[in-house]
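Multiple structures are listed underneath, in structure tokens.
In what comes next, subunit A is part of two complexes: it sits with subunit B in the first one and with subunit C in the second one.
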Partner chain A sequence: MSDVIHDIGFRRYEGERFGRGWIVRSLLVDTIRGIFGLGRPARSKVMPWLLVAILALPPIVIGLVVLITGADRPPISYTQYLYQLNLPISLFLAGSAPYAVSRDLRHGVMSLYLSRPLMRSDYLAARYAGLAISMFAIMAVPQTLLMIAALLAELPVDEQLVGWAGGLLMSALLAVLLSAFGLAVATLTPRRGVGVAAIITILLVVQGFSFALSGLASEEDLSDLAVVAGALDPYRLIDGLSSWVLGVDAAIGEFAPTAAWQAGVLALAWLLGVLGFGGLLLRRYRNSVPL
Partner chain B sequence: MNVVVGLTARGLLGRRRSLLLVILPVLLLVLAGLTRWASAGSVTDSANLTGGFAMGTLLPLMCLLIGTGVIGPEIDDGSIVYLLAKPLPRRTILFAKLGVGLAAMLVFAVLPVTASAAIAGDEGLQLTAAYGLAALLAGIAYTTLFVALSVLTRNAVIIGLLYALLWETLLGGFVPGIRDVSVRQWALAPAEALLGDNARAWGVESAVTVPVGLSLLAVLVVGATWVAIRRLQTLRLAAAD
Partner chain C sequence: MPADPVDHAATPNPPTRRSFGAAITTRHLTKQFGPVTALQDLSVEMPTGVVGLVGANGAGKSTLIKILLGLLPPTGGDAQILGRDARTDGLAIRQVVGYMPESDCLPPDVSATELVVHLARMSGLPSAAARERAADTLRHVGLYEERYRPIGGYSTGMKQRVKLAQALVHDPQLVLLDEPTNGLDPAGRDEMLDLIRRVHVDFGISVLVTSHLLGELERIADHVVVIEAGVLQRSTSTAEATALSGVLLVEVTDRADEVVARLRALGAAVETDGGPTFSVAADARVLDAVTAATAELGVGLVRMQRRRHHLTELFGGTR
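Now for the complex of A and B:
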């Protein structure tokens, strides 16, 4: 690797160099650890773990409710859980996406990363994958708790396991979409606070907009439009997709897709969202030091 | 003071940030137009849109964006020390920043909310006036509160959101007592009084009476400003994240 500047005037290192793959792996691990505040002062741990606690508390309560009332199914399904707890999930995204990228932009260290055998796309892939894995984890852990609670309450095992697997699949789809969106917005500003506010504001306002649009459309008997407007809101998009693909009850039943083409539009919106935000990210980092 | 105002305004409105401040209110106006088209100017539907999406979601979020934007980033990256080192009273600095925040709030939050009531359907501008007043009062309170929060903590945005959405919107729906401790309800009290008999029919209702609402708003605004000034006088810069 003669094209890499290793000798920057410090003590010599003659040992083995692990190369590009190892750097990507290290960057990925660093992203995940940083998002949860591991290896950082307690101050950085408060927010992520508070949100994880807010997400993990309901399954425990639900488990107790099922035990006490002796219901034959949890009062909330695995995919509905994602929709009902969208606010803490959005907050977690808003807190962690800027963390992953804005410090590197603010301190102007992108050129240092790129002086190693690391491509621009590697950097982005590592940051993006770290964020997506963290997002998936905070959704998967509460669902797993819910599944354990349901099994402890001796609900039918196969039914619960199928529901849980479906929930994980949808969590993965949601994590991939949300992370692409969050990271694309976060790279627009080197200031973390601004990124946090921008991500959450856009998400919440678009959610409110999409819901109001659906309400209007259903008042006007345009039920097709009411369903399709859900594609604007990532959580409703996933809710609609899961009700069509997995056949589970939607969190908002009145706007669940009823025809294949509607589900197709939702799926297309998901794909366009991921590709579009991913493209924005790559474009943003096309220049050597974006600012 | 003028320099601080100029700097803050440039920081708040410069580059891509102003885009966000324009696009989000435009979404509201689009919805208002659609509501008018769908319900043929029904005042109840207009009141629902303005009272729900505009007052409940857009207004607090815009105030959050503006309130944390006028001072938060500077504290975040430490450049506030250059400002604090100037021979200016800290209170002047805070008032300048608050002034820019309030002006931006007026243009980007109160104006669209008021316009949305007028666009979506109204009877002799009564609803517009009532929601304009409520949005103005709530906007002042939210902006001051969020400016104070961003001086107090680096997690101002998330704490502000937990308050504006979880506390006011979600918990307020379940626990009646929480509705008494809510900027939105306090600001709606004069709007309800302004509408008189129509208030009930259009669903504009507040959990508190006018004197209580107004005095609590005043206490909040004065208190938040005082806390922010005190805190700015003894600001300790923590290491960047």
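Now for the complex of A and C:
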């Protein structure tokens, strides 16, 4: 290493120093960029953009089908779309959540953040918001494409816009819940690969479990339990809520809520999920993340 | 051939940007982790300039730094850093203080430039200023073309420089450097110590640097604080501690015994083991007598040098 320093002298910084608001915003932007692989090596871009492509392709096909067949409504509703494509959405979460937090935990980067003018909760808020916004984006973009395709096929504008807005609302609720869950799991291990596997496995297992429970319950004529078991799986939860709140067809009509209290249980499960996972995260960062 | 007769006078401290009197003051600072006492009733004042904090591993150095950054509440007592209260003003402190952790803290998959720009923003700098200062700071710590490569491929010395750069990038008034020479080979250690000295002398930034080796801090620190098991052992200005001892070391080419005899005849207190080198309690009269005696006897004066105390002599037990 050369020790020749062409020294123009150390310059003082007398310029502006922004506060926490700027820091949180910068970290949030950094999180979103990182999740989509921007400013990272090419191989980091492959997975997120492949999944975005997988999510965005069906609306184009659906649009063509509607155009060719002259159907009066798309074969799939906006909220059903979320359920139908739950696997790529889960994969995207599994890839993104560990990226957002595990790297900093594993390599000790937290000590560089914590020695700066921000609070532990600021860091967490920025990472969480960055992940939630990214999750929302990958759901909102294909739904928007679906809406554009429907309008091009000259389907009724009002109906399509209302359906699309409802789809965005449910996408937001799903993004908020999934992000809290994903981060809570990812912070349990500093190993990124373990985090990825854990998130995808847990989501698949709870989905299988909730369907098994619903199936058993309906065989035993416990239809209430069959509906409420949907609260275990984030995608079924949102699907059920959509059908009750927005009055749209559920992806799984068989187990859609039929009574207000059932929808209430689903809503409560969403709230408990967000607060519970969020609380876990806060506790983890307050107590056990070392400087 | 006469050698440099006396040591160079110590370079005077350059003015720091703002004078706070003491950079860091603690009063009866105590920190307990359950039954373990990490710091016990620590009352110490550290001036601006380069302050060395010496103690064995586990002596409480890192605990003190975390308290000073406002990240760890003390069990008792209080700490002021740059005039701010560490208990309540953590955010304000961390805006004007830089910190270089002892542990590994660098993600391997980004370049030094990307990391330091990002961390400059995390210190509140606008993006354009962050980019400019990151480039400047990395150059100042001696990272050039390699700063565009991922950190994963860096040597320990380069990683330590990146860690130092991120602590300096927002132009703090004070940096806290936790064991910056850890893991470096002797040459790397020397380079790092020179760099730390420059942080104060050239950049005008006060430094608190920890080490478990007193010897290396002695070289660069203006003030040394020694703690052991969380208890203050000593807090001394190095200028004071290594003051000229008033003993002159003289070495002649030949006929040392005759020179000694002449000096003794003049009443000077000489200590000699009979070799060509002897020491003599010095005053202005003795200095002249030495030169006169060597000139009259026609012997060469190899060395005439004032002896300094070494910190290690004072703190014999702490190494």
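The definition used in the following text is that the second predicted complex is superposed on the first by the 276 of 291 C-alpha atoms of A that agree within 3 Å, B and C clash if a C-alpha of one lies under 4 Å from a C-alpha of the other, contacts with A are read in each partner's own complex, and residues count from 1 in each chain.
To be clear about the criterion, a contact is a pair of C-beta atoms (placed from the backbone, for glycine too) under 8 Å apart; a residue touches a chain by one contact, two chains touch by 3 or more.
Given the structure is predicted, the values throughout are model-derived calculations rather than measurements.
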Which of subunit B and subunit C A:R286 touches, first, second, both or neither: neither
Subunit B versus subunit C as contact partner of A:L204, first or second or both or neither: first
Touching partner for A:G95 - first (subunit B), second (subunit C), both, neither: first
Partner chain(s) touched by A:L216 [first = subunit B, second = subunit C, both, neither]: first
Contacts of A:L27 with subunit B and subunit C, given as first, second, both or neither: second
Touching partner for A:M47 - first (subunit B), second (subunit C), both, neither: first
Which of subunit B and subunit C A:Y113 touches, first, second, both or neither: second
Which of subunit B and subunit C A:L87 touches, first, second, both or neither: first
Which of subunit B and subunit C A:R103 touches, first, second, both or neither: both
Doubly contacted subunit A residues - partners subunit C and subunit B: 103
Residue numbers on subunit A that touch subunit B, as the complex places them: 43-44, 46-47, 87, 91, 94-95, 99, 103, 106, 188-189, 191-194, 196-198, 200-202, 204-206, 208-209, 212-213, 216-217, 219-220
List of subunit B residues in touch with subunit A within their complex: 16-17, 20, 24, 27-28, 30-31, 34-35, 38-39, 49, 52-53, 57-58, 61-62, 64-65, 68-69, 72-73, 76-77, 150, 154-158, 161-162, 165-166, 170, 238, 240-241
Complex interface listing, subunit A residues touching subunit C: 1-3, 5, 7, 9-13, 15-20, 22-23, 26-27, 30, 39-41, 103-104, 107-109, 111-119, 291
Interfacial residue positions of subunit C with respect to subunit A in the complex: 17, 66, 69, 71-72, 91-92, 94-95, 97-99, 101, 103-110, 114, 118-119, 121-127, 129, 133, 136, 139-140, 142, 144, 157-158, 166, 170-171, 191, 202-204
